[in-house]
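As structure tokens, here come the structures.
Paired with chain B in one complex and with chain C in the other, chain A is shared by the two complexes that follow.
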Partner chain A sequence: MVLAASFVEDLVRGTLQGLPPGAVYGLIAIGFVLAYKTSGVFNLAFGAQAYVSAALYFQARNEWGWSNLAAFVLAVVVVAPAIGLVLERLIFRHLPPGSSLAKLVIAIGLSVALPNLFELIVGFEPVAGRTPEGLLPNGAGVFYDPLGLYSFSRDELTALVVAVLGAAALAALFRFTAIGLQMRAVVESPRMTELNGIRADRVSAFSWALSSFFAGLAGVLIAPRFNTLSAPDFFNLVVVAIAAAAIGKLVSLPRALAGGLGLGVAIAIIDTFLPRIVERQQWLEPIQENVTPAVPFIVLFALVTLWPELRSSKEQTDPLAGVDPPPPTPAALTRSPWLTRITIVFAVCFFLVAGLVVFLRADASWLFVVTQAVILSTIYLSITVLTGFAGQISLCQGAFAAIGGFTVFQLADRFGMSVLVGAVVGACIAAAVSALLALPLVRLGRVWVAIATLAFAAFFDAVVVKLPFVGGGGTSLLQGTRVPRPVIGPWDLADDKAFLVLAVLVFAVAAYVVSAVKTGTVGRTLAALRGSEVASRSIGISPTRARVTAFAISGFLAGLGGAMLSIQQKNVNYASNFAPFAALFWLVLVVSLGARTVEGAAYAGASFSLMDRIIFQGTFIGWILRSEDRIPGVFPLSPKWRFVLFGLTTIAFAKHPEGLVENGKRNAHVRMAKLSARRDAHREPSADDAVPGEAVA
Partner chain B sequence: MTDVLTLDGVSAGYGPFHALFDVSLAVAPGEAVALLGANGVGKTTVARVASGLVAPERGQVRVEGADLTGAAPHRFVRAGVAHATEGRSVFASLNVEENLRLSFRRALGARGVAGALDQAFEQFPALARRRAQLAGDLSGGEQRMLSMARVLVEAPKLLIADELSLGLAPIIVDEIYAQLERLRAEGTALLIVEQHVSHALALCDRVLLLEHGTIIWEGPPADAADRVVARIFEHGEAG
Partner chain C sequence: MPRLLGRAMAASLALCLFAAACGNSTSDGAGGSDGGSTSQAGGGGEETRDEVVSITGVPGVTDDAISYAVVGTKTGNPLGTCILDCYVDGIEAYFAYRNSEGGIYGRDLEVADVIDDELGQNQQKALDIVSSSDYFGNFQATLLASGWGDLDEAGIPTYAWGINSTEAANRSHIFPSLAVRCADCRRPAVPYIASQVGATKAASIGYGVSENSKVCTDTVAKAFDLYEDDSGVESVYTNDDLDYGLPNGIGPEVSAMKKAGVDFVSTCIDLNGMKTLANELHRQDMDDVVLYHPNSYDQGFIQAAGDLFEGDVVSVQFRPFEADAEGNGLEQFQTWMAKQDKEPTELAMVGWINAAMAFDGLLAAGPDFDRQRVTDAFNAITDYTADGLLVPIDWTQAHTPYSDGDPEAANDPECVSYVRVEGGEFTIDDPENPWLCWEATETPPFEPTPTNFD
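Showing the complex of A and B:
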């Protein structure tokens, strides 16, 4: 009897304990569902928006000495909706309804760009140890303990109450008000809403202001949970919240809140009881610590892959989409062989010159960034295959790369195996994991693939990395995850120049393989699937086989690149190199520069590691002016501009999914071709005029 | 009396594609006009220009004399133009009742909604049985009835009906045309875009024949029949 009573008591305590974090998940889940319902955007930038408000509140209160209320009004009531309005007006209004993949990519770009832009404008620097404070005075110091089992802090109660009230208020808004109905109508078809006499642009602006207000509110309320405000933490919280939102099928606000609370409570209860089970069942010990952080991601992954109803609540297409002008025709549907030849000749010349300069003149730090650029280009080729060829957005390339890195580390550390062999083994393991992961994903829509891979990346980050046989466990905390440089016969790669040669060789082989894939059967199959899955199936193409192959190749390349990066840095450096939020920027870079070509990956690699050094520090201007003293005073620019710049270029993804550089290059080529055609024909070409015009004349 | 709709020298298209070339037409109050032509000659574009969905590149669009060229569609609606678009013209993600509420609320204010709903369900009992069902799950005929029900409660000055009969069973087409007849009796002008010629000819006062983006003939329905048939068969289209 005593045992039973204590069991119930523990159960209740666990439940109470789980409510505050559950309320946080619920708050974000509500905001996420709100944005999805009213704008059709899978708003991964929700965390970034919440972060901006939380940081602004903190800055106004602690740095500028404003009162709580004034800081709240600024951060949540004014700035948060204003951000939403700007995003709607400048970006999302111009996207046709239903372009969910483009919206997702833009949201990913924004989640990289917004926090950095904010930090640059306000001059905010996340400083460790300055704990954010809540809305109410002394929120972390006053406690309430209604049942004598668990004491809620005032901050926690505030978040809980606001989450419940917010869900109720928003549900009522959708259920009972005209604007609620109008917001749902506009998501489906702004034009048809207009035909009902309603101003669609105002409704959509209101939707964005409302969901952004909610993002700001959630940000300020959850900030006290963190020791330090940082954008990646907010992003990770959004991934957890998506799991809660998925429980509500992404449309139900009360169920999203319930999902959030449920997750919080489930985690707390597992935390309470698992240790006791483990006491009796010793073999469970290694997983004990890792079960709870993994729960949301396992739930999310399982829901996405195993619950078809979630996916079938797919968006409705706009019946009036035909009113839009057709998308601008790509400058050329296939590249002319001339363009390819010119590109190759240019690239060879450029690399010869650049290579010579690097070899003869570069110091150690330049060698480091150049080598890093080459290796990252190899990793980015994995995105070229998956996103460019297969049209799938994967957010777990960082995890694949880390698998390569950790394999090299483990094999070298435990068995003294050669790191080059280790790199190949690591790449193979990454390929196998990637192919396995692909199996449940190949039949999902593209947006769901992105979400499922995000769940996997978060799972890898929260659990797998901490396992001793992956990340090294406790010993790696002290010694790091050290990786030696290899020696091939007389060739000692501890020398940085020698290692650069190896990195270039690896990249060259990878680039050759990728271009062979592109022109080979796999590439053509993937291109067909990208065009129309139904049409491809009807001519006997198996989407499963083609996509699993693409995932495997991509995993191999990422794993290989990750291993090379670890060897170069002589350490895996997981957190700074491969964490999910860091890897988001990879995708942003490749997609904005050119996801369909090898050069695109190379540009992305160069941009990642060289842009800061060459452009932002003013070095390039210095070269042009031939004197370092004449570099204008605005330099050096903050490296954060890099994130802002590329984050914002994803906006172009909707119009130019092949990437900016590729698009520019093709446009230039077409213009050249037109010019020469004009010269030949001595007349105005009328290629742009439509055929009906002639018929009437 | 001012024409309820005037298109004056309108040219329009979609981006680089031109669909209409110097189209002029007028619809008088209470008049029923049929716009006929083969597939792809620009009939739907005329309808879209007339309701503001497509802004003309050249020319002017007037509703009851007021220049609405380039205005957003909601201003056309508020001026009394209703447009039942080609294909699905209901919100698939809203249920039947919400679809109706959306337009009644704007047209009649919060107080008028309940009465209008009753009236609509009385007129279309089939919809009343499905009031909580998502409009996307309705059959094609039921969807068309739903879009008619939205229009019928407060008779507009002009109804643009684009291919209302497309893909529907003949009995439902008859019913829809009966509703159009009723609307007309209440004084609503009609601009009917059709490939289904016989119904349109029976209903309308005047026929416009469109070809390659221009109006090539205009006249009474009695004279139109032969021409229409000839024209349409010339292009290999069975009306």
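Showing the complex of A and C:
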């Protein structure tokens, strides 16, 4: 009897303890659903928007000495909606409905750019231990204990109440008001809405202002949970809260709130009872150690892959999309043969000269970044195959690359195996994991594939890396995850130049394979599926087999590249190279530059590694000015400006969804055609132009 | 498609067979870019400090100056603490102190460049240093030390904040401010401190995402078990799998500790996590529980928390600021930080210690120095204390890690220093003897000896 009472008491206490974090997840999940419902954007920048308002509120309260109300009005009522309006006007208005990939990529870019831009403008720097204040006075110091089991702070109760009221009010807005209906209609098809006399752009602007206001409100309410206010913490919360949003299928606000609260409570109850069970059942210890931190990601992955309602949910498509013209043909297919030849000759000359300069003049630092660029290009080819050819969005390419890296480390460390053998084995394991992961995902919509792969990346980060047979456990404690360089016969690749040659060879082979895939059966099958899945099925194409193959090839390339990167750096360096957020960067870069060509991947690799050195450090300007000092006070640019500029390239991408490289090629093509036409028009008829018979006459 | 897969498998197999004929490089690249001198160390000493020898071909050394680069994490620092700027303050204060005495070998010591490694770019910045001829050595206060292997291979003397013991292990050119040779050895320090604050039931907690934190947590728990009879402190709660940053709070864990009667918590977490933990203890009416902080020696942080940490114990990795300063390095540190008008922070002290190591390495190498001679000379020192600021480090052994149970433990004494939080200020029990030291045996006896390393 006493035991049962104690159990009930612990259960109730656990439930109460789960409510504060649950309210945080609920708030973010509501914001997520709101953004998706009103703009069709899977808004990974939600955390960044929330952070900006939270930090501005903190700055106004603590640094500028404003009152709570004034700081709230500035941060949440004025700035947050203004950010939404600017984003809508500059970026999202230009995107066609249903362009889920473009919207996702832009949101990732903004999640990087916004916090850094804010910190540069306001001069905000995170400081350890300076816990932000809540909306109400002494919010962290006053406690209420309604049941005598667990007390809530005033800040926590405020967040809880706002989450509940917010969900109810927004649900009512969508259900009972005209603007609610209009917002949903505009997301589906702005053109069709306008046919009914509704100003789609105004409705869209209102939607963005509303969802951004909510992001700001959530940010200010969540901030007191952090002892250091920094953007990455907000992003991490967003990743967890996606599970709650998925419970609402990205459309139901009350269910998203319930999902958030449920998640918080479930984690608290597991943390309450699982250790006691493990005390009696020692064999459960690995589950406690490894699975508990991953509960949100396991829930998310399970929801996405197993919940029939999600599996059968269709992506939003514009009913008027059929009247849109088809996307333009790639420039490479329409340019004249002589232009193609000139391009090839120019490219070969450029790479020969660049290669010679690197081999003859480059120091260890330049060799490092050039080699890294080549290897990253190999990894980025995995995105070319998966996103460019198969039209799938994967946010876990970093995990596949890490599998390659860790395999090399383990095989070399435990068995003394050649790292080159390890690289191939690692690539094969990554391919197998990727294919297995693809099996439950291939029938899902693109946004859900993105969500599921993000969940996998987070799971890998929270659980798999810790496992001794992956991250090294005790071995890594003594020596880290060090990896040796290979030796091939007399060729010792400890030499950086020799290793660069190997990296180039690997990239060349990978690029050839990717080109062959594109023009071969697999590529054509994937192209057909992208065009029409139903039509493809009717001619006997299996979407499952085609997409699983694409995932496997992509995983192989990512694993191979990850292994090469680890060998190059002589260490796996998981946190620097392969953490989930870094992999999001990769996707943005490749898709922005061009996901459908090998050149796009190569440009992306070069940009990631070399842009910083050549442009942002001022090397290029130094060359031009013939000065070692570059421009003092300007170069090197603050790293924050680099993040801002990188994120804002997505604005250009919004206008050129085919990628900046392809757009550049097309523009060059048009210019050449105009030049040629003008030359033909101005040219006097010559004897050569005359028909032979006439010349004789 | 099957054909393609078949071809791919065949190609992979061929590549495997080819690669199977290959091995791994054993080159560690040891030897510096200044020739990898094999000269004997120890040609120097205080008496040679003013001798001037013309040196050519040694990077970063001119007739007037010896230049260093400082690399540290500023942008992207998730902890929000002052790292790079504070670290540089300490180095510059030390250099100002030594330069005021005429420098060394007729040359001034100078910080030529301060480089922000942006959290993830340490290796790239390290290679910039390797490629440059502008720096004789470098200082590193970084959170992710991915470039130390390259610096070591290039033979560049590297003086570092001692939080990356894994990356420093077995690298003879890397000199951390703290030499942790055995991460999993059960030592009596924490049980002893728990007994001194009157605790009887202890908990040990840490993050699951970091192997260091996990091992630290488990090792402390085992130490409580090992010394339970001596200390009278029983280990009643261990949790080594907390989520990093405690995003879900720590309510259930604190409830479990409350149920177990915990009155002392040893932690292996960051200072932000400590604040979350202290808040939760306060919420659950456990204000009397004493926390043992490994990373919170930051006066500003403690003061900003009000009375949240009152009565807690904070571990210090060098001679605490509250200890006697007269006649040791602490006095000079305080004097020169004040002269430079800089805050005497924890990282400033680490910078000062690292700069002292650089200076003492030069001094030991003698006036005809180069990188390798400085490294060799410093690695020959057996009891380095940075003028009483550190527990003596035997640099002939310090680069080599070992595990619990290794006989090596008999040569590696344990010393700790700690302060208490009283009235929002740090206080020390015995300012004249700021360290407690235990005898160097495989299982040290429980009672320590108060010690001073002036």
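By our rule, the second predicted complex is superposed on the first by the 536 of 697 C-alpha atoms of A that agree within 3 Å, B and C clash if a C-alpha of one lies under 4 Å from a C-alpha of the other, contacts with A are read in each partner's own complex, and residues count from 1 in each chain.
As a working rule, a contact is a pair of C-beta atoms (placed from the backbone, for glycine too) under 8 Å apart; a residue touches a chain by one contact, two chains touch by 3 or more.
Keep in mind the model is a prediction, meaning the values are calculated, not measured.
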Residue contacts with chain A in the superposition, chain B compared against chain C: C
Partner chain(s) touched by A:239 [first = chain B, second = chain C, both, neither]: neither
First, second, both or neither for A:511, with chain B first and chain C second: neither
Which of chain B and chain C A:591 touches, first, second, both or neither: neither
A:27 touches, of chain B and chain C: first, second, both or neither? neither
First (chain B), second (chain C), both or neither touched by A:267: second
A:435 touches, of chain B and chain C: first, second, both or neither? neither
First (chain B), second (chain C), both or neither touched by A:195: first
Residues on chain A lying within both footprints (that of chain B and that of chain C): none
Contacting residues of chain B [partner chain A, same complex]: 13-19, 21, 48, 51-54, 72-74, 77-78, 82-83, 85, 87-89, 91-94, 98, 101-103, 105-107, 110, 136, 150, 212-214
Chain A - residues contacting chain B, complex: 178, 181-182, 184-185, 187-189, 191-201, 315-316, 319-320, 323-326, 328, 688-690, 692-693, 695-696
Contact footprint of chain C on chain A as seen in their complex: 10, 13-14, 17-18, 20-21, 125-131, 140, 143, 150-151, 153, 225-230, 232-233, 236-237, 240, 264, 267-269, 271-272, 275, 288-290, 292-293, 363-366, 368-369, 412, 416, 418-421, 423-425, 427-428, 462, 466, 471-474, 476-480, 482, 484-489, 492-494, 513, 517, 520-522, 525, 545-546, 549, 553, 556, 569-571, 573, 575-576, 582, 638-640
Chain C to chain A touching residues, read off their complex: 1, 3-5, 8, 12, 15-16, 18-27, 29, 75-81, 116, 118-124, 127-128, 130-131, 144, 146, 149-150, 154, 166-167, 169-170, 183-184, 208-209, 211-212, 215, 239-241, 243, 245, 247-249, 251-253, 255-256, 271-272, 275-276, 279, 283-284, 298, 300-301, 304-305, 401, 403
